[in-house]
């Protein structure tokens, strides 16, 4: 399992959130506390929004803890919307192309979890990516595939619907092949203005995902990025959060249910107030 | 376009053929003379047969000219059947997984050429790889795809038939999508005992491929690996050569023709005699 | 020989100068026209000034032409002072640490040229780096050594004097060992406010270095970065240029002469007027 | 701290010792049990003797657990004398050149431990390497430095004396600079016929080093490479073992003592009998 971190809010220097905290993402690359695998050393990646529409992207196969480039970029870059990821390879080679985040146009995406039985399903999963987006299939992992399948389901216009549809398509392929293993999905999707964070699994064990209101923004992380874990609030299982500059709304999210996703009014969390 | 080199015969130190000649493959990585691209610096690879059935495999993204590991291996390894490749990326990222040769069981495969319109065809080409072999799809390039499609067509029992079938399937996908660009295919396939070298294109310009009888064996190369180019004989366009310990037979090979491949008696080249 | 590029002036997107021009530095990595070696594929590097004092730094061993990270950074970063380098290894391994630019505090440095007989001189050259700066010796090449020797000679307070002193110390070591090969030095040094560009050699063949006034600033380059080479002006042999926000002054520079460096009034070039 | 493994005896397939055991070196790269650092993911290396005098050498910056090249080589190579290393960087960048083993002529060397205060001592340590061997200084770490200093002290003719002298020179430099931190040294040196394994420290805590008699040879390892740790015998602190085809002799080794090293008869261990 991988570790991920995202931030949206007032521009901050990346190193203040990704490197300096005692339990930062970079330190988690060598010693994650809530991950199945302690080591997340199969590459790292960073995506951030600046003045241009298309985000910046840096990915490499070196472990985050020894990557001087990553440290250099985090020192120099200030951004109000970015995400970073340290990888523990479950599906797909150790290669730059299999490192998160994945970028497509103005979108960035990263994922912690996996498609059960992916090794047996790979051809079917790949065939769910439309020709239009297949040229963006640079790696071989399940996370990039989910992202590109969603791209074909309307990510540009209705991202939650598209992610929901993509996961339903994957579930259907799993059912067809008689896969009993779960589909687990903790993920963050950004477009520079809106952040969506998902926590869901087809079984009862969705990968952890936390959020925390910082001074000028909201952070999401696979595990608390501070020694005092109580500062971080877990997302409810089978839910997603939609964050933009004016509000943060939590909603139910369950691609395994019969009904397509629906925003549930009334459970807007206190995050909205914190972020306001 | 890439550059490739293969050898079968009496065991030799790899550096005597891959590094020491003035126009060796490693020197071609920086200054190929017959290639479309002068530089073949997008990675390199080496596959060789030893005492075990499964061949050894080394691949890296560094250019061959600066790869100390490659030099070290070539100094230390002696083999009677090996192939090496320097890449100029046409399709697929610069990654280890996209470097040639590709290995599957006891087979090694490498390719110079390309599937015309591959960027538009990728999803269709991938779907021609059977589930059984899709787990071996580690990269994203066209060459590995052809190899794995052939694996699904019986590479183990009748390699020429399988390659012929794989190329016909690719041509068919190209026709379906209205691709006018050619499918070009110079390639070498080995299983430790038999070597097949192919030179074919769907248009009139198959990539070059030469052979030469050395003291104890036969070498194949994209271009003459010696300053005196006259020592090297080009394979006839649209033909393949089958080499084993007792003979070397050249045959017609044209997956664009109506008839499936057939061995044409009577054109066995003088190679047979040289190698004998 | 390597290729280098530097810019100082109004902030620009890096890709507009490093990637988009037809004869850009990235294209020079595969096909330099004025370099001894056509290919500069032994790594690349980028250093730039942003809002913080310490510059950002990115270096990798992949050739610039295939480095997606480099392209991503150049798309995203806008800077008013940056330098980039594509390497053809003459001294030192292919490693990140041997890639230019080199960073020390607020300084960035890159170099094209070499210390003659460096292989024999390495120990002596290294010993010219004071203990204080030896901890910053991350690589093994001659360029980083010159930079760190200069650091020990007062780079912080008088950079031209420090570079002059460093080169004199190297020349002296060469003389002691009876080295007849030249010391060649085209280089750029930046501190975020001031840019120094040097073109000098101990023989009559200093590596090329050009400058050009762009719309909002001044660029320096090993060779003209445009198809119309006449837009670029060569620096005079054995001279340096000092550029800051108000002026550009050219002066004589000859560490092989008896006199230490002196600013020669009267040869301030028309650059001053262009940049003004 | 790093982890290391060496073997000398009847030729074996490398994967049977380096990969297949449950507590193999490759598994130790992610989860070492006796190391200060659990993760040894800063590169890996392999050196082995074959038919030629000069050993083969493979090193890369990827963690051993994800390096397909390492696995491929270990499957294919059979050798009667080899060593392998997984690195946790204490001194020197993460680069190929800083990975162990180091090769010089027919010698291979690898090390676990460190020169106390190396960061402050680097220039002095480097200056202990004679010009003759300075050209072989490809990295920046302390281990390679010790090896090259020993090369200058007669490694070729009397390896134990040379290592002893090299460590005394380092100790002396440490004393000169007032370094209180210890010099720790567990290391293996091979020349294709003879293996020397050292376990020493200037304080009371020499890094662990074990040996075990296997069916056809002797293995050395930083920690027991099997679930049953009792099969492995620790080398006595401040001793070395000399192993060749006919005998295995243990002797005292203490470069911090007044007397130069001396072989102490009478403590030849039972290893001699096992190996016989």
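Observations, loosely collected:
Here the chain labels run A, B, C and D in written order, and each chain numbers its own residues starting at 1.
The definition used in the following text is that a contact is a pair of C-beta atoms (placed from the backbone, for glycine too) under 8 Å apart; a residue touches a chain by one contact, two chains touch by 3 or more.
What you see is a predicted model, and the numbers here were worked out from it, not measured in a lab.
The set of chains touching subunit C and also touching subunit D is given as A, B. In a homomeric contact, the two copies may use the same or different surfaces; for subunit A and subunit B, over half of the interface residue numbers are shared, pointing to the same surface.
The interface with the greater number of C-beta contacts, when A-D is set against A-C, is A-C.
Measuring from the averaged C-alpha position of subunit A to that of subunit C gives a distance of 40 Å. Remark: subunit A and subunit D have CA centroids separated by 42 Å (rounded to whole angstrom). Multi-chain contact residues of subunit A (touching two or more other chains) are listed as 68, 93, 96. Viewed as a contact network, the protein chains are fully connected, with every chain touching every other.
Residues of subunit D that touch subunit A in their complex: 30-31, 38-39, 41-42, 61-63, 66, 68, 89, 93-94. Against subunit D, in their complex, subunit B makes its touches with residues 13, 48, 50-52, 54-60, 68-69, 72-73, 75-78, 96. Looking at the complex, you find that subunit D touches subunit C at residues 93, 95-97, 119-120, 122-124, 126-127, 129-131, 134-135, 137-140.
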